[in-house]
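So, here come the structures, one by one.
The following pair of complexes shares a single chain, chain A, combined with chain B in the former and chain C in the latter.
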Partner chain A sequence: MAITETSGKTRVSAALGREALVKWAPLLVLLVLCAFFALMEPRFLSTRNFARILIAASPALMVAIGVTFIILMGSIDLSMEGTVSVCAVTFAFCFLWLGGTLASWAWLAIPLAMLVGAALGFINGLVHVKLKIPSFMASLAMGFVGTGLAMVMTGGDRIRIEDELYRGLLTERALGFPLMVYVAGLFLLVAWFIQTRTTLGRNFYAVGGGEDLATASGLNVNRVRIMGFTLAGVFFSVGALLAVGRIGIAETATGNNFMFLSITAVVVGGTALWGGIGGVWNTLVGVLIVFVIGNGMVVIGLPGYVQDAVLGILVILAVILSTDRRSISFVK
Partner chain B sequence: MSTFIKDFIEREKINRRNFLFASAYGLGGAAALGALGPSMARAALTDPTIAWSYRNRTNPYWNEIVSGGEAFVESLGMSRDALTHLINEGSSEKSLADVKAILAKTDGNLALAIDTNDAPNARPVVEAVAASGAYVSTLWNKTDDLHPWDFGDNYVSHMSWSDEGPAEQTARILLEAMGGKGGVVHLGGIASNNPAIERLQGLKNALKDYPDVELLAAEPADWDTQKANQVMSAFLTRYGDEITGVHCANDTIAYGVLEALRAEGIEDMPIVSYDGNPQAVQLVADKKILATVFTNPHWGGGITASLAYHAAIGHFKPSEEPKEHREFYGPTILVQPDDALEFKANYLDSVPTYDWTDFWGPSNGPIVYK
Partner chain C sequence: MSLETLKPYFPWITLGALVLLVGALNPSFLNPASLVSVVADIVPLFIMALGMTFAIYIGGIDLSVQQVANLVTVVATVYLAQFGVFVAVICVLAGFAIGAVSGWVTTRQFVPSFVATLAMGFIALSGARFLSGERALSMNAEARDASFGWMFGTTAGVPHELVIAGILLALAWFLQTRTTFGRALKAVGAGELAAVSSGLNVDRIKILAFALSGTFAAIAGLMFSVKLSGGDANLANGFLILAIVAVLVGGTPLTGGVGGVINTLVGTLIVVVIRTAMVYLEVDATMQQMIFGIILIVAIAMTIDRSKMRIVK
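Moving on to the complex of A and B:
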């Protein structure tokens, strides 16, 4: 009896230790990375450099938050590159058509781009749920459709957004950081609110944690999924708006690289790929890890290809850490 | 042994014998065809199909190339749809399969312009074309040991671009603008791409004459605006005010660099780039970029088709042309602030009408192998 109790306790404390490790490991990695780069090159720690990292990270953070909701449900959304391109291009066309400056009716282009993102996400969810196509394939295909659509809309051209007011996202600073960083922060809080304070947010965890249970409890899982993909589409479009604000160009290539960046960030941040574990704060840490590596490697003068290798290793480490291998009998 | 098995073995023996006979017959036939082949190939073609084989049209560069091909076909009095498009989507296997299919369909009555997608694929393509008596001109990709003059008239020409010289020219403009001192950073293309390597080498060549300028760093930005933006920001952290000039491997990289500088409120950094995209040319006119290089893909696409066509109909005989008319570099035009607007009006806003029989006028000398 006594023996059972002790071993039970050990198991509990081991599980707690493991849980704590998994929970805090990403943040620890981020701090270690910052300390390492700062040691190699003190200029890394300057406010201006952190502003540079955050400028680069803001659009990717929005996209990564979008996909976080999907990964929490145990699905995956790979449509971000196409959705971001379409939203960016739609925004740019409407913005220029409605006057080309935020001081006119052109501001309507912003909600319109978000609507387009929502619509694309909604279709994505419908295709996945109603046609019973795995989310991986449905969203990947929708992504290709989006890239193609953006190509047709632009004919391969770049559209420049020169409006000083809109570009204020990048050029205007408060406390040393450009406005776009604060916009991204605001949407992070919105995402956190959705995750913790709304039924939809809790339902994401329910679906990801055990879909059978959720269904048995009377949850309309299909509806949750479609709403999840729609929500992700909205966040992709916010990412697109910030990306256009950062570069001043909307084109088919605006969406490039977001797939790799966002999925890597979500996984490195500690959100489990099979759902139910993690959240938007993990994603914030993950995005920062990815961009601190990108920035720090150049700052200390390491060649670019080492960056990719380091990121790849981090992804594997993150998955190893967040996987309880005893509970998994096989991996597909 | 059962009769069934005996019958089976007997039948197989006969089959094998038939197979051997058939093979021998086939080989003989092929040899006979081979003996006749060259004489057939020497005859000029009448009204050959004109085809362009390339990656795809969604890429702006290849779109320009093919629009040149269409302009050439229209200059012959045909509709632009008369040009057959063979789209390989970046697959060498598909490229070769397409060529074989159209050779079979046209029975060798073909004038083909092609980028074979990668260098090793050029040989099988050229051999297939030559064997069926058709005519081919290649662009960009071929191995160094493959030469048009080794195939009589059927392999008409090869055109490519060397970026080292023009990149050195832009680098000199940059280094002059920097006053011959300070620090320069280079943002390159995908590290393994040949143009990326050549454009960096151009900068290094120019730097030899400017001992007071330090090459602070050269980092790949993968031809990507957003990547370039990030890399430039990180350069600013590492080198700050030490950076007094930026050498970009192409225009899309320059856009990202300009925005990274704008975020820091830096407006007057000397920058040079490459490719001559319309927006970059406008930026040159606005003096945001000091120079870019235009390679005239429209002319390249048209003249490659034209060479194959005119050789095919016997307008000229490739084997009687000097070697520099069979392997040559494409045109490069340096665009600087003074002539940017004039250049834009002449080349970009309205596409000039080219004389598609002036095969070598705008070209840039024979290809040199290292």
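Moving on to the complex of A and C:
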């Protein structure tokens, strides 16, 4: 630990510089990345390609927004792979059982899947808060349970959703972009509303900014935490619905890769792992960075596996950048 | 005798009860020959859990072990023909290096260990997919037998895997209990700030602990690769949860400072017995992950030292 004494003035300006940098760096990175890929390959800038990026990003954006609320509180949720799989499979089973097309009662499968997501998130929150298990471990274990549950439900099979109305999420386009992009945009606005205009949203920041203070001000921190995990579960289920709409298949593997993608997106977007800083717009930028990198590398002809390494390095850099070294003594 | 004084013996009691239970259900389980083969089968997992113990003992976690093992299976398969038995050195060095970088990132750069190791794991996965060309590779059978044939087979009825596991356990136990490094590990796990104040070079100790975790994961990957005679970027998938369960069920809590490598031996045996019991009870293979997830939650809830965590995040 290098603790250096600096004069008050330089410290203030350094803090300002750091704050401005941390605030605008993600957007800057996104723009630089776009410019770089556009220079390497002009086709990158086409509407078709942007549509491709946004289609891939929509389900991940929902999942990342869910986990944003948790990270704002200074906790973490690693259960998304299991939750997404269970929601996707539940939705597919109910959808087919209730008629298999949106024109019938099968639309009920949508709120049902969201309810299942909320229930899983609620259990996750209960395990974390009531058993006092650190959230990363409680949610990781719940994620394993979720993936296992999805496996038991499907027996390893894939369930096809071939309803044209539901697949319209992908096939129907407005202004060049499929409907699922607009659905994701709508839920982004809902998340933004929750974050800025509701008591729950303010409470997330209060818990993340300083739990002692929040408790001392009479806030029921445990309740906020459980509600946060429940809300995250709902957004995970929306991500699952969009993922099924995109591929037309629900299976145990539907949830694969969401964990690392969404955590990377949130952190790279500038939401601090320590809580209290950032929000859903940061997450939008972060998700776009992650998917622009993924898409851009394919467009300029790099193999897909490079993306994992680049994201791994990015997430470490992002956490380092967003960490105020003077305020912590050690991490576990 | 209160519950707290009994706590260190819980893993042993659990293991004994489980063995008796499964033995009662199916007496053939207690047949020594079948016991030995069941245990020999689990050696790679045990070695991985042994390494993970060091990361958890200091209060951190290593989520990269599975990917390190994946990478090593590919490295071992690709370079076996070229380097023969010395490929083991490359594998171990790779594991050590990845672990050391994870440790450096968490201690010097203040990135929480679960994020740092998760990210390092994906970097390792990327390397595995690059080296393997995203295909499942297989080893040349002759080269494998010439270089690593000694890993398998039996001497006087004892499978060589068990001997290797025993040597590594003895080594880890010696490190933990008979060296200053081991005492320092305990100090860091019991209270990091106190360890810093007493003048220990905590950063170096933590980096070494993660490096050891990577090294053991690499050895596990190597054994796995030789056993299955091949390498693949997904070969060791599914091992992470079992390794964490083995460490925690054995009685090394997530908060660190107590427990150790002997506990991990007990924990791994518990995992083995549970898995065998599932086969006897005809529990569907697809349910295993769910059941181990629930066991994991119960194990953490029972072992964790809440007095160390003022705020549970």
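The rule is short, and it goes like this: the second predicted complex is superposed on the first by the 319 of 332 C-alpha atoms of A that agree within 3 Å, B and C clash if a C-alpha of one lies under 4 Å from a C-alpha of the other, contacts with A are read in each partner's own complex, and residues count from 1 in each chain.
By definition in this document, a contact is a pair of C-beta atoms (placed from the backbone, for glycine too) under 8 Å apart; a residue touches a chain by one contact, two chains touch by 3 or more.
Predicted model, so just to flag it, every value in this text is computed and none were measured.
Student: Putting chain B and chain C on the same copy of chain A, do they fit or clash?
Tutor: Overlaying the two structures gives a clash between chain B and chain C.
Student: Between chain B (first) and chain C (second), which, if any, makes contact with A:M151: first, second, both or neither?
Tutor: A:M151 sits against chain B and chain C alike.
Student: Quick check for you: in the superposed arrangement, does A:Y305 touch first (chain B), second (chain C), both or neither?
Tutor: So A:Y305 meets both chain B and chain C here.
Student: Quick one: is A:A141 in contact with chain B, with chain C, with both, or with neither? Answer first, second, both or neither.
Tutor: After superposing on A, A:A141 lies in contact with chain C but is clear of chain B.
Student: Chain A residues in contact: does chain B have more, or chain C?
Tutor: Larger number of chain A residues touched: C.
Student: On the A-aligned overlay, A:T101 touches which partner chain: chain B = first, chain C = second, or both, or neither?
Tutor: neither
Student: Please indicate which partner A:K132 is in contact with in the superposed arrangement: first for chain B, second for chain C, both, or neither.
Tutor: second
Student: Please indicate which partner A:N256 is in contact with in the superposed arrangement: first for chain B, second for chain C, both, or neither.
Tutor: first
Student: With chain A superposed, which of the segments 115-123, 169-177 or 259-267 in chain B collides sterically with chain C?
Tutor: Stretch 115-123 of chain B has C-alpha atoms clashing with chain C.
Student: Shared contact residues on chain A for chain B and chain C?
Tutor: After superposing on chain A, chain A residues 151, 156, 303, 305 contact both chain B and chain C.
Student: Which chain A residues qualify as touching chain C in the complex?
Tutor: 74-76, 127-129, 131-138, 141-149, 151-152, 155-156, 211-212, 260, 263-264, 267, 273, 275, 303, 305-309, 311-313, 315-316, 319-320, 323, 325, 328-332
Student: Would you pull the chain C residues touching chain A in the complex into a rising list?
Tutor: That would be residues 59-61, 105-107, 109-116, 118-123, 125-127, 129-130, 134, 192-193, 196, 202, 241, 254, 256, 284, 286-294, 296-297, 300-301, 304, 306, 309, 311-313 of chain C.
Student: Residue numbers of chain A touching chain B in their complex, please.
Tutor: Chain A residues touching chain B: 41, 43-44, 46, 48-49, 52-53, 55-56, 151, 156-158, 160, 167, 170-171, 178, 243, 246-249, 251-254, 256-257, 291, 294-301, 303-305.
Student: Write out the stretch or stretches of chain B touching chain A in their complex.
Tutor: Residues of chain B touching chain A: 58-60, 63, 191, 217, 219-220, 224-227, 229-231, 233-238, 240, 252, 255-256, 259, 262-265, 279.
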